[in-house]
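Following this line, the structures themselves.
Heads up, the next two complexes both have chain A, just with different partners, chain B and then chain C.
Here is the complex of A and B:
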């Protein structure tokens, strides 16, 4: 048994790179998929809207932990192939992020007044141009506070990857706590690191919300 | 590859016990969390600057750290403090405080949404402070934030799966047990996802009906 040393704290900080890495993967791939889902919901095509709604409802009814297990343990056994851990974990986070981003952005698009689309149509703009030049900029502004606060959820959610043995901050904390037996101290340290990342984002999200309310 | 869902039949008992655990944990945490939320929101409104600061620190600490880490902290911290609880008890404490932090924030924003003139009107009618809070502030405030509060309950329901990581006996824990016995990873996790999905649908329906019942009075808005 040994005590918690400075090198342990450095190890925790080093493990942050996968917390950040997983978040970036989830945003980079889940963002576009979320946008696609939001557009499907905004399309006013019954089939597309129905499919998007079904996907959103289904995935939002499943815990992230179950998604992780399903893609990490379930799917490789089912397909009979070896999926590298990073890929399996990434798929789960991409699915998770795309669904929640999709929900937020669909709501933001719906929050832009219908007249804005009609005004675009009056100017002879194509449907896509109405979206990109008129609706999207306004919807983006509306969606920003909720998107940032989901980003906080996502960063916190990456801690679940530790359950399948993926070494990010939470897993590193588990390893160090097993080596030192000072579990409370180590987990409080890990929690503080998460807090240092998430708190500024929360404050930013609240500031965005306030400026949005002031604008309306 | 063929699917063997039928082989899970003999683990029905485990799933039912796990389901009961998840429901129990959710109910405990929602009730305790709502009480914490009401109390803290009230204390934040009425309290002195030091109380407000303490509540602010509590809310932000729980909102900006992963609930998995919170569970581990409580799981190891409580015994250090001489409080010996079962894993299920420790998970209840951690998740109640977690839900309480979100509930505080939501209820507080609901109270802020009630115009000051409304409670002043109550004072003019000769209502006591308690009556004003009970009828004029808390009721309409809860009504205003009911959608976000019920969304938070769903998030909590999904979050109770984390309690399996401190070996509290709930649905997810039951599923990992069954998986380790049967090696039917795909089938077990597919069934698990289906159960959670049905549970969420049922809770949404229940909360919708409760909302219709509890907030029946008409508003002119």
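Here is the complex of A and C:
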């Protein structure tokens, strides 16, 4: 047994890179996919809407942990190929993020009054112009609290990757705590780091909402 | 010259037949006021003219071109036909200037550098030059409706449709909107309006159409309609207004 040293704190902070990294990967790839799902639901095309709804319902019914297990352990066995752990874990988070963003954004788009689309159509605007210039900015504002709240969930959710041995913040805390037996101290440190990332996000989102309120 | 030709138009929503064979001609430069109780089909007729609603039977032609939701050049067609709604439907996240110039810029009617000038010019016509930088939320109902009219005018339409544009306004704000519309009428714009403003129909319209139960019951000059209503329905309607 040894005491918690400065190098342990550094190790925790270093492990943060995977907490942040996984989150960024999930946003960078899951965001566009979520937008695509939301647009499919908003398309008023029965087939696209049906496909998107089915995907959303199916994936949202699966716990994040099960998604991780599926892509980390399941898929390599099914397909008989080796998937690098980072890729497997990333896929799980991308899928997870895309359905939740998709659900949130589809709801936000639907919350913008139909008359706004209509007003754009009556001015002779293309459907995409109606979306990008008229509906999307209003939907963005509506989606902000839910999107940021999910983002915070996502950041904390990366801790589940520790289950498959991925050394992000939670896993690093586990390792250090096992070496030092100072679990209270180590986990409080880890929790503080999560808080330090998540709290500014919620503050920023509230600020952004208020500044957008100037227009509405 | 006949600009809008409506020929035996039928339209139903589910079991409810709202238009039962409507025929109407609008000449270039005419101001047509459509009167009738709510539910008589007048707003639906207006929405059929710019293909916001599809027509089940019969047809509508504007300047000789058949109008329907899958028509080629639907967007170009709508760029030449302004429509103003009861609830204004301004874009709440954009300033008055952007509300007015968004469509002219996106459709390539003007360049970005000309936007300010266009906004000021059209706002001048509705008497709101000083509201360029305001957001819709900060305007009164009458001002919002005038911005909605300016937004249409910026596209330089050949025809303007008005769907009960004063019905949501406080009584003291109706006048300022009607005044703008009168000015447009004087400048020779073809206008079709669904309205409850009897004074406007009497004094500004060149043709008054009375709809009842999804059909046109009477049409004629304001004098014919108001001084000499022939059907009991119109007599009844005018008696109640």
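One rule holds for everything that comes next: the second predicted complex is superposed on the first by the 203 of 216 C-alpha atoms of A that agree within 3 Å, B and C clash if a C-alpha of one lies under 4 Å from a C-alpha of the other, contacts with A are read in each partner's own complex, and residues count from 1 in each chain.
The working rule: a residue touches a chain if its C-beta (ideal position, glycine included) is under 8 Å from a C-beta of that chain, and two chains touch if they have at least 3 such contacts.
Keep in mind it's a predicted model, so treat the numbers as computed, not measured.
Look at A:137: by the touch rule set out above, it reaches chain C but stays clear of chain B.
In the superposition on chain A, contact is made by A:79 with chain B only, not with chain C. Of the two partner chains placed by the overlay, only chain B lies in contact with A:152; chain C stays clear of it.
Residues of chain C that touch chain A in their complex: 50, 52, 75-80, 82-83, 85, 87, 89-94, 102-103, 106-107, 135, 137, 151-152, 155. Against chain C, the residues of chain A that register as touching in their complex are 115-116, 118-126, 129, 133-134, 137-138, 141, 212, 214-216. Here chain B touches chain A in the complex through residues 1, 3, 60-61, 63-70, 72-73, 76-77, 80, 154, 158-159, 161-162, 164-165, 172, 175-176, 179, 185-190, 192-193, 196-197, 199-201, going by the rule given at the top. Considering their complex, residues 58, 60-67, 69-70, 73-75, 77-80, 152, 156-157, 159-160, 162-163, 170, 173-174, 177, 183-184, 187-188, 190-191, 194-195, 198-199, 202 of chain A touch chain B.
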